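Below, chain A partners chain B and then partners chain C, in two separate complexes.
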Partner chain A sequence: MSESTQLGSQLVDLCSVLLLLSCFAIVAQRRLSACVDLFALQSFFLATTAALVAFLTGHRHIYLAAALTVVIKVIVLPRILRKVIERLNVSRELVMNINIPAGLLICGGLVVVAFFITQPIIPLGYLLTRDSLALALAIILIGLFTMIARKKAVTQMVGFLVMENGVFLGTTAAAYGMPLIVELGVFFDVLVAGLIAGIYTHRLQDAFDSVDTSELTVLKE
Partner chain B sequence: MKTDVQVMLQIGFVVMQLIMLLALSPFIVGVIRKVNARLQCRRGASLLQPYADLAKLFDKQPVISSTTSWIFTAAPYIVFASTVAAGLLMPVFISHTPLNFAGNIIALVYLLALGTFFLILAGLDAGSAFGGMGSSREAIVATLAEPAMILSILAIALTAGSTNLSTIVHQSALLEGMVLAPPAHLMALAAMFIVTLAETGRVPVDNPATHLELTMIHEAMLLEYSGRYLALMEWAAGIKLLVFLTLLVNVFAPWGIATEATPLALATGVAVYIVKVTGLAVIIGVIESMFAKLRLFRVPELLGSAFILALLALVFFYTLRG
Partner chain C sequence: MTTLLTVLLGCYLLGGLLPLCTSRPHLQNSLAHSSAAAGGSAGIALGLGGLFAAQPLTISVPSNIPYLTCALRLDPLAAFFVLTISLVGLAASMYAYGYVREFTGRVSVGLLGSLLNGFLLSMTLVVLADNGFFFLIVWEVMSLLSYVLVVTEHERRGVREAGLFYLIMTHAGTAFIILTFLLFAQESGSFSFEAFRHPDQRLPEGLRSIAFFTALIGFGAKAGIVPLHVWLPYAHPAAPSHISALMSGVMIKTAIYGLIRVYFDFLEGQFPWWWGFTVLSVGAVSALLGVMYALMEHDLKSLLAFSSVENVGIILLGIGAGMIFHTYGLDELAALGLLAGLYHTINHAAFKALLFLGAGSLLFATHTRNIEQYGGLLRRMPWTGLCFLIGAVSIAALPPTSGFVSEWLIFQSLFLSVQLPTLFLKLMLPIVAAILALTGALGLACFAKAFGLSFLAQPRSPQARHAVEVPVSMRIGMGFLATSCGLLGLAPMLVVPLLDRVTAPFTGVTISGKVLALDGWVVAPVTVEFSSISTPVLAALLVGAAGLGLAIARLLRKKTPARYSKTWGCGLPLTPRMEYTATGFVQPIKQVFETIYQPTVKLEQEFLEQSKYFIRHQRFHSTIEPLIEQYLYRPVVTALLGAAERLRVIQAGSLHLYLTYIFVTLVLLLLWAG
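Up next is the complex of A and B:
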């Protein structure tokens, strides 16, 4: 490996690590609006990583994906989520299924698991982004964990979006991104999912006067 | 004869380091107070005020409660001595500390822990409710901060391949013999910074300016002290702050430190060190003004994240090596 590609690979690693770091910040954050802001920040790091990969490899379509990430995940989706939060009667999540210190420890464990699983695969790769695969898997697992640990619909939505960020990072790491048409489809899906979840949260708020999804378990005809 | 000269030189370095630690620590405390005052639109006390406070306290006659044991009077000396000893083990302005044979980074951590232990005992000794409360809180913070600190230090020790602080600092200053792992360094730095805020009783964990009984930790343990004992405790707290700041700047950004014993390198080493430590003190002052103190039960969350960051630093060292 030459000097410059090694430097590039370390830069990509560093950007992906910042993504993972923002995941932990989301797990440790109680304020709903701060969770959304952190998600926007994470998406910005994702766009930076993608742009970096595009620059280092010369794959033009990744620039487009990075630009779409900025528009949809940094600007539009956080705006929708903030609108939803404005209507809620709670600003912070006090009761969770798993408390924050335990959650942080579990997420630390998830990172170790992700590294352990990807360890046999990574040396087979030849791309300069291959180390990010482990980080991407860790981000997906932490996103899933956030959806399990939190009770409020908004933070569960953030968890889902974090998982999506992880998938995007994973595809960039494993294959320099998906074909453009697939990428566009996924972005559209995420946007629509965000809109639907926003409307659904509004309905939840109207029906139960709370966005606690655990209330849905007592639904009756 | 040459060895005699070298021995004298080494002793000179130790004395110089000692004087720098003792003389600079009240200044750093003053800088943080000044930054806080300026950010609150006050003019604030002079940067030399902490020196005047110490001189005043040394002059006063101490009052000792009749219910206390020998631990109460011995603790200030033990706390002061262990903190200064920890400060002498680490590189300050020259990367090869003469005393580095005496102990590595783990010895440094546990010298500081020894000081904390006796501080806690002293808080309990007088039998006042506040002292006991402060001690129990300090024990919580210390036990939670220690694993994070040890793990982040181990992550750094791995990149340099040695637990000797002088080796770590020397190698990172010259950027040779290091395993370059920026993610590991970044994580360990973040963890170490949180630990610094917690261990030195800075704002998100403890408020050094308060005497409000519900919130204080460090001040509560010192309530019974007066006169020269209080002065020693306050001075030791200042030195401990300086020791942590020095660890941060010299382990994570050692560039500019003297790597050889020439007069020019030494002069730059001292100047760069003072600038870096003062800069970091300003950053801490700004952080203190930006954040509110955490509720005590939220402190484990903060230190838990520091622990996780340090753990990730270790994991990244093994997995992300470019």
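Up next is the complex of A and C:
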């Protein structure tokens, strides 16, 4: 491996680690608006990673994916989420299913699990992004964990989007991204999911006077 | 032929789509039912053409989905069933034109008509399909469309429950059919029926037996064999009457088609004797229990539905006897049994559909299905009465009607068991014939009740008193089927050669020359010496005898003065309260078969305070125990519900809990796979 690719590989790793760190920040954050800001930051790191990979490998279409990430995940979706928060008049999440210190410990454990699982696969890879696979898996698991740990619909949405970021990082790491058409489809899906979740949160507020998804239990007959 | 097939598919498709394009009920009605009638006519032509064609017509359209090709094949067996379906389809669509007025305002006429077309199309495709995958798809479409049609009047609770019951049973049945096809596909490596017929290597004996049972259960659930019949008496009557006619008349016959296709075609008629004997026993039990419960039913449409169980049993008697003879290489007798079964199939399609249409007319005129509320309708609805009488006489197998011919042939093939080499079967087949005889007698009682108590005597309710004859289109639909019934009975020389072409490929012999002796005027079971019968001659004798009687009466009448009074009046004024009720009519039979019916009678009386001799109020309940539901289904349902109740613990309804399930499963799977 030449020196420049080694440097590039390390840069990709660095960005991926920043992504993972922002995950931890989200898990540790009680304020909803800060969660959304952190998500925007994470998406920005993701876009940087993608652009870096595009620059290093010369796959042009990844630039487009990076640009779309900036537009949709850094600008549009956080704006939608902020609007939702504003309307709902809830700024903090006080009660959680799992408290923050325990949550952070579990997330640490999840990272270990992710590395443990991907360990046999990574040496088989030959891409310069291969190390990011473990980080991507860790981000997906943490995203899912956020959805479980938090009760407010907004943070669950953030958790979902974090998972999506993880998946994106994973595809970039494992195969330099998906074919462009799939990538476009996924972005569209995420955007629509964001819109739907926004509307759904409003409905939840109207029906239960709360955005606590635990209230949905009463829907059971 | 290809043109006819295109016309058929085109008509049904147009009939399915056009009514949805307009919102005027009258136009929707005309569009839907004229397309269905056109499709039915094309189907009759196609069926006849297919029966006479030298080579089967095959059409195949490949698709992108693996294993699936939309392959159609019109061989004589398929052609016969296309003919049966189209015959009833044509009658039902003519009838429906008048009948759907009953539903105006409550149900969209366009939707109902469109679904009717879809239902007819799917049934036709089921018998034409030549690919396992394609067969299963159209089979499911047929089941689902019929479910939707059953729940037409979904605002009634009973209808919804009947629909759900039907849906569960039909899906369970389909699961078994899928298993059967998977077994075949495993050996042949393809889902095409051609590959099923000629697999690279024959299935091992054990797997063949499994395929036998899965096919019997899968198709049997649709055909309504005992004990898988429990849904049928609920679902068939719940549908609008022309749909009931299609379901009872032809949909259950697609299952008979499936059984013959699997046993004689895919398994190449190579089977041990106990397969045929199993089919025969199932048939005998279905026939007997079906008619026994039909007899106790006072809801006219439920009565007809139970009677369908009986008739499917009778059809299976013919097929089962054919299978047994086939095992022992008695090809002519095998052909006779199979032919008799198929003859009864088309007969039952015609008269059961006719009776359901008749029941629909009574419902249309009186808005009730309870026989106790009828009476005296023959005077008010003469055409419906005549058609219903023809259907009732045919189904009761009175000579010289169609039901008589086919049941007689089945009897003969059972009696011919003397030619079988094993003593056991020599003993068993006559016993089965005895059961069939009992079934026939009970069937006669059942339809004497259905016709007599509905149409004769005096009306027992205001609805019956004010009933008027149904519109012309409904009468045409019934008249068409009544004519078909008559033709099937009086002209076996036209029907037997057609059926012979269906059975010949499976048994390798043609028997129409032997069955039809004396230029076709006499029907005989393979040998005239054994026994023979001629329905045209019988009919002529009956008419002649009746004419003679009338002539004598007229001659005698000139000598004595005529006196007009009420029949059986004995000088008293007759009132409806003096009549036989449906309950009273069947009481003796209920007593005789007490063990099977397990009747409970409850009488509540409230007396006047002053004297015990004056009753202020009294109430009479009489119920019978549905044995199979009670002892076979109830424990299963209870166990299922209990298990579901216990599983409910993990269904807390919490979003977070569900996410946790996903999360834990994901991590565990990753760790396990890693």
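Everything that follows uses one rule, which is that the second predicted complex is superposed on the first by the 219 of 221 C-alpha atoms of A that agree within 3 Å, B and C clash if a C-alpha of one lies under 4 Å from a C-alpha of the other, contacts with A are read in each partner's own complex, and residues count from 1 in each chain.
Throughout what follows, contacts are C-beta pairs under 8 Å (C-beta built on N, C-alpha and C of every residue); 3 or more make two chains touch, one makes a residue touch a chain.
Fair warning: this is a prediction, and the values are worked out from it, not measured in the lab.
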Assess the superposed three-chain arrangement around chain A: do chain B and chain C clash, or do they fit? fit
Mind working out whether A:Ala134 is in touch with chain B, chain C, both or neither, as first, second, both or neither? first
Look at A:Ala67 in the shared chain and tell me whether it touches chain B only, chain C only, both, or neither; answer first, second, both or neither. neither
Let me test your reading of the model: by the given contact rule, A:Ile196 touches which partner, first (chain B), second (chain C), both or neither? neither
When the two structures are overlaid on chain A, which partner does A:Lys151 contact: first (chain B), second (chain C), both, or neither? second
Per the contact definition in the header, classify A:Val113: touching chain B only (first), chain C only (second), both, or neither. second
Using the superposition on chain A described above, determine whether A:Asn97 touches chain B (first), chain C (second), both, or neither. second
With chain A's C-alpha centre as vertex, what's the angle to chain B and chain C, nearest 10 degrees? 150
Chain B versus chain C as contact partner of A:Ala175, first or second or both or neither: neither
Minimum Cα separation between chain B and chain C after superposition, in Å, equals 17
Can you give me the overlap between the chain B contact set and the chain C contact set on chain A? 119
Contacts from chain C onto chain A in the complex sit at residues 651-656, 659-660, 662-663, 666-667, 670-671, 674
Complex contact set, residues of chain A against chain C: 97, 110, 113, 116-120, 137, 141, 144-145, 147-148, 151, 156, 213-214, 216-220
Residue numbers on chain A that touch chain B, as the complex places them: 1, 6, 9-10, 13-14, 17, 20-21, 24, 28, 100-101, 104-105, 107-108, 111-112, 115, 119, 131, 134
Partner chain A, residues of chain B touching it in the complex: 180, 182-183, 186-187, 190, 300-301, 304-305, 307-309, 311-312, 315-316, 319-320, 322
